[in-house]
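Each structure below is given as structure tokens.
Below are two complexes that have chain A in common, paired first with chain B and then with chain C.
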Partner chain A sequence: MDFFVGIKGKDFVMVCSDTSAAHSIISIKQDEDKIVPIDDHKVFCIAGEAGDRVNFSEYIIANVKLYALRNGTPLNTKSVANYTRGELATALRSSPYHCNLLLAGWDEQAGASLYWMDYLATLNKINTGGTGYGSYFTLSLFDKMWHPNLTVDEATAMMEAGIAEVKKRLVVAPPHYIIKVVDKDGIRVVKTV
Partner chain B sequence: MTCDTPKVYKIHDKLYLGLSGLQTDATTLYQRLQFRHNLYKLREERDMKPSTFGHMLSNALYERRFGPYFAAPVVAGLEPDGTPFLCGMDTIGAIETAKDFMITGTSPESLYGMCESMWRPDMEAEELFETVAQCLMSGCDRDALAGWGAVVHVITKDKVVSRTLKTRMD
Partner chain C sequence: MAESQYSFSLTTFSPSGKLVQIEYALNAVAAGATSLGISATDGVVIATEKKLPSALVDETTVQKIMTITPQIGVVYSGMGPDFRVLVRRARKTAQAYYQTYKEHIPVAQLVRETAAVMQEFTQTGGVRPFGVSLLMAGYDDNGPQLYQIDPSGSYFAWKASAIGKNMTNAKAFLEKRYSDEVGIEDAVHTALLTLKEGFEGQLSGSNIEVGIIGPDKTFKVLSEAEVSDYLQEVE
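For the complex of A and B:
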């Protein structure tokens, strides 16, 4: 039931997630921030199995930090994406992590990038995408509205249109969402819906 | 998720590998093979011959006989003496070398039909490109799972020409 979508703009990436934490039919809290920072310019949005999500994201974040400490230089988004895919792929044939994730980041050289990964360790670099039921409603909407020179305001409007669609058409639509942006100035919250 | 993911990877200038099937296994397999080829190049100080590569790949796939990579490859390239080499395998590495064409992926029936009727021996590079392009495009038209464009690489002894085709975008 986790809802995550990401949109890559001209020099930023915008990600939106729902903020509900639930356990079967019980809603535990409605203001859970599921977009976790890896470092100053990268975020993970991980959806999936309860334990695997947090465990896997903490594992990756710790290893990214370790690399930066050991080598004196932080990893760029593409490297983190491929490293994460490698970890998922290695675990796949023994004890797979059951999580789908979006990785959004901004680097000096590559600019903004958005990666989509699923629990089978499929890795795709995308302009717009999402995981979960919500993505079924937003994928084609974003395909229609996206263009390469998107501004933050246009992307926010796209996100809001996507959220409205999900609220309207998904039976178990989450009530609250948070929208964040990753760009050269780091990670910031754009709005909460 | 995306509409611009080609399925053919370059190993070296005279050797290309196409992998169909589960994308994650295709990526993992390609990375493993790239690694093995790099080691080979360091040891042997030359590129691997396509026939050798084909047999290595077959072995690599059969190693996982009871937990296979769900990716079926096609290996295409030019041997050092210039003769074309083409082979294909199933997901557990049963290798089959072909003189004419090799197919892997969804809708094999329509592709086999197209290739069988359009292939002729001793085609020139340009003619070959036309033939491959037509076979791919027609083969994909009726295939719900394949399409959104195609990439064709024609490998000749002094260059590789890669062209992107636009097909029915559905």
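For the complex of A and C:
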């Protein structure tokens, strides 16, 4: 089961994902980076059905790139979020994409933003959130620790606390995780656990 | 039905490399009432003569300047019915964009899409080009902008321009008067003076139409009273 959480800080968004790729009971690899860049300042964390995840993310990323090429300017995070939701909604009543996703981005005008979407085309702008079993253990923890002026160090501490909780209490907790940050300087890896 | 000899597109090339129907469409534009636009530092103004065929026409029902989105307005010279078709399409394009991205369409993109429609009608069988040139005025994150779109589908961004009957004189007048530092209020005055140049008779709130988009980024067609106020300032 994929573990994804996101935390919006003062002027950055931090996302954490587990790095295991598995098929049924077999672990294929333990160092799979599932946080996918959309462009220089946005990432997707997509969980769910194996084929749908990759197909859907590649489709959205290609269309985002096309927009930027056509119009000489990139889409902002809000537009990508709404566009993605629209695609999920359109497919829902014919051949749905079974994916839950987090979209983390930084724009000049809006600053840092974090969006949560599910396979039913729900869209919410959030400060903290996650998908999967792991989020059950981390959401209330983040509620307690979050405040609007979070720094990167504080957010990292929150993430590590969340990961520790998951490892302690989730029966099938993934062993390894990667933490990334999106801010005005782009996307970078903070640490791997 | 027509024999196959006559089912070629009206816009096939002439030996000199011209598309004659587009030339004729431009003639239709040049025969239309004068319209002009001026882009200022903090807004855009577009204006047109509202010359009606008879004094018996109820001029309050005639609207030559239309709002496409709250941030974009458009005026034309040429054939009114063709204009209405393009306005419908542009409004739909803008709303589809909003539905996808939940953000308002940037001016340049709407201009491109509208121009693409006009170009389609120069390359499709059984149709004729639109007999209008459009002046599209808008204010988005790239600031105030004014675009002209021709029947061929080509578009240009202008600081100030005029189309229709009196365009050469109007453009000459604008060239002399235009400055990069002019604000929206001055631009409106200049627009009215330019219209006055080629106008037969007395300008009034009921025989011209003026549309403004200012720093509030909201396009507004001025009421007859508001136009009269501006005219008084200019006299």
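In this section, the second predicted complex is superposed on the first by the 193 of 193 C-alpha atoms of A that agree within 3 Å, B and C clash if a C-alpha of one lies under 4 Å from a C-alpha of the other, contacts with A are read in each partner's own complex, and residues count from 1 in each chain.
Operating definition for what follows: a residue touches a chain if its C-beta (ideal position, glycine included) is under 8 Å from a C-beta of that chain, and two chains touch if they have at least 3 such contacts.
Remember, predicted model here, so these are calculated numbers, not experimental data.
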Chain B versus chain C as contact partner of A:K10, first or second or both or neither: neither
Chain B versus chain C as contact partner of A:L75, first or second or both or neither: second
First, second, both or neither for A:L92, with chain B first and chain C second: first
If touched residues of chain A are counted for chain B and for chain C, the larger one: B
Which of chain B and chain C A:Y83 touches, first, second, both or neither: second
Which of chain B and chain C A:A121 touches, first, second, both or neither: first
Which superposed partner A:K65 touches (first chain B, second chain C, both, neither): neither
First (chain B), second (chain C), both or neither touched by A:G129: first
Complex contacts: residues of chain C adjacent to chain A: 99-103, 106, 108-109, 141
Residue ranges of chain B in contact with chain A within the complex: 1-2, 5, 22-24, 27-28, 67
Residues of chain A that touch chain B when the two form their complex: 85, 89, 92-93, 116, 118, 120-126, 129
Chain C-touching residues of chain A, taken from the complex the two chains share: 71, 73, 75-76, 78-79, 82-83, 86, 109
